[in-house]
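Chain nomenclature is as follows: A, B, C and D, assigned in order of appearance, with residue numbering initiated at 1 for each chain independently.
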């Protein structure tokens, strides 16, 4: 966990309200960044509006930089999204647990695939599993399928980057309005896959309604999976208790009935989360 | 009076904490800008910290731009001073009365000079009398002397610009630490001049202690002058009553005992102001 | 077109629910270069007293995080000069005028109210029982339910104009004062006035304001204001006007949502003198987009 | 070297006047990756109750202009788990620990205080009589001088530890509560706890927090906090600790200037977990630059 001042290396506008930023960071931060971990970012201007830092998934990282995808939905994301190259940000991270390592223990059958499910901005977190791959490989003989749903075709982001970086990846996309060819929800794609590969391992990130659906689908197929949550956070390191999520009474994530998403998550076994 | 969004055309750093900004503005704003008038400026970011706009003297203006000198003394000036070229500001103005037109009525003897006294950042306001000159001339047969005091040599600003733009101008400088050659206060220079030209007309702008001294000197020589005040302002257009200054009981600036610096000033006859 | 008209009480119907708060809109005329003040729901004058008042000496304003402290001290031109020099022009401009009044004691308040009772062109009186910047008068009425009720009753006796009582937030239980003044004959409540605050300068080791303490206003206080409006709306049967930190149409709609029948814009006028009308338009646009026919359908529709 | 040590009361001497506020510093251990918690004046634990508590459902935090609202609902691990799982490590780390306590009623408070009385490694108790986010307990003690005094007296009877009573800002006259609890045996006062606030979402037409209202903290409330500290310092003879919106050494010095003998940093810890020590250093640097030999020479030196 590092507190640092980073510089915006580049800021690409992908859609009307989505930005793709590369930011400098200490080497140690980059080394500790693992798929599914996140960073708290704020503008480094000494002013108090916005007050708190905002959490973003670390989508990719190099030796001394990392990348985030920012959707401008309010004051904080708007301010960060509009930062010019060369501007400074205050960063804090990497935080959270990240996705589990995909080893044989996690997968019940080695031939069954790893299914990554991304809804909307959930791609930022999910993409880290693929983009980090060339540095810290997932189990090499693990086939991977990316199921990616968005509202419209132009919100299906970074597909080129992801394909380029991930050999042996199958990508299926779907959009709410059908503009990508297939119309519907990403959980329909998940059902299709699980029907064929019921012993798969699933990682999912996206809006809460989607995660609820993913949870139900996984439950129906009695198959294992992990959900990455995006609860509101004030601190990001376990002290404000603002981000807690109800959890099933027993299990490996905390003894009690709730867990701090920032430190015990954001990635939880799908069957533990109580929405 | 215009509300407008201006763009930073250029931002030159003159000293460690002083910036020289050129900002775009509507043509009508520029036409109405007169020496000694001011503009309220704030960052156009939709955020509430800083909350209020800040007042700055309009030092110069063209057809669709104006210039200000900003000394970074707190949150507001720091934010404005650090704005990159191309950034937007919210502007409101031109506000205030400005310096009176220098016609024969104002000056008791046509051969006696107009003395401009600037202390520190007061140069921004005072310089407008000179830099606007090429557009709206002061009385052409009026000789002008600029008396300019600052803390140190490197805080004597824009002397080249001013000389270039003002034919027939004599400039005397003085610094607190003597680094400009002469050590002392600008009011000493004023005393010297008034001793020689007791019928001069004086305009002065600078920190309050300096203006108090100027007032005393003018009083001693029984000569006419105007002071430009820089009271704290919330609105700049006469509605908050935050900027009022005590005034002598009678006179042409308001019936009462106080005046709003933003609308009745910032320039007042020196003998009316009660410090 | 969304119908923005709101009837606060039968004698006080506003063309839209957006007013400008006392002390932040001068006497109205100062704003004519920026907007057509006749298009506002109403303008509320700077607080007026029987005699002119010069206000507090020293520094009167200082900025704080997302807010400002003021200690103007209720400087004003007095009721007579207002009636002779300002009101005629406001009438001519077509503005709907509410006069904010204050005094040093109950008799002062009653005297101003009586003086204004028969004056044409005044839509209502707003009684300031809550200004934190004057020693006598003002806040002690605002924190004591009984004193507030007596004051309102005294004013009520001498005027037939709709009476709005402006409440102080600096109390343990605002509903006590609210109920007391409602019972005493106030037709409407408006809240909040400023929170009492202090700012100091560590270098000079002095308070930043001449008056030492001042009134905190601006976006910083909006959460407190919204909470108090919500509380008072639930506690009393008379209409409530929401004030505090409103700087956008969304802010104004938040107050309407919790049940305010109208709002007053204060500090935001200093930053953007056109904000009042921008908020009127913004409310209309929002309601149209969300398919409301009239603003009254939105008012008080909070689901808890 | 400036001497930063402050004696709050004879039994409570701090190496410097910078503490971390309850509920914003976890149980202390969470901050060890960021700073040496032994270098802080003291750390104050999350509010602890007799039994573990799960807190409020739904959204618990939302940001406001220069502030935040929280409605955590005093979730905590309970006093026994704190003593077994957390305190030993804090002792080992060398931290000076003040325990913040609350209960549903007077007996709860007394029971916790009694339990902690003989425990080594606790420097003082801070009694939270002012949390706005729980229905039973908390705020009703904080707004009623008599209830507050009874509570403090009950705690006083069962402990010899220095007692700090944490006051609510949501009152008409804070000096009444301050005097009452001082008379009842509180050694020290700390203030302010959060202001009660509300935030709503006009699109969903619902409150943004699960608990409806929440506690406002952060820079937005600093002027109100400073005013109340100033008021209480003048009203009582016992020492006062300042809290509210402190985010820099200058902010902390403002509270010391008006007479607080120490400060607590709250919300700012979330934004910068190292802020506590940065403020210690900043205070030292400022005082050195201004040629103070000890911080106690600066405390209370406001000239009005």
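Methods note: a contact is a pair of C-beta atoms (placed from the backbone, for glycine too) under 8 Å apart; a residue touches a chain by one contact, two chains touch by 3 or more.
None of these values were measured; they are calculated from a predicted model.
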| item | value |
| --- | --- |
| Those chains which touch subunit D and also touch subunit B | A, C |
| Chains linked by the largest number of contacting C-beta pairs | C-D |
| Centroid comparison with subunit C (C-alpha atoms), farthest chain | A |
| Whole-Å gap between the CA centroids of subunit A and subunit D | 36 |
| Rounded Å distance, subunit A centre to subunit B centre (Cα mean) | 55 |
| For subunit A, residues that touch 2 or more chains besides their own | 48-50, 75 |
| Residues within subunit C bordering two or more other chains | 65-67, 218-220 |
| Pairwise touch network: line, ring, star, complete, or other | complete |
| List of subunit B residues in touch with subunit D within their complex | 48-49 |
| Subunit C residues within the subunit A interface of the complex | 65-66 |
| Of all residues in subunit B, those that touch subunit C in their complex | 1, 3, 42, 48-53, 75-76, 90, 92, 232-235, 237-244, 246, 256-258, 263 |
| Partner subunit B, residues of subunit A touching it in the complex | 45-50, 75, 78-79, 84 |
| Residues of subunit D defined as touching subunit A within the complex | 23-26, 30-31, 33-34, 46, 52, 54-55, 57, 59-63, 65-68, 70, 72, 75, 218-220, 247, 267, 269-274 |
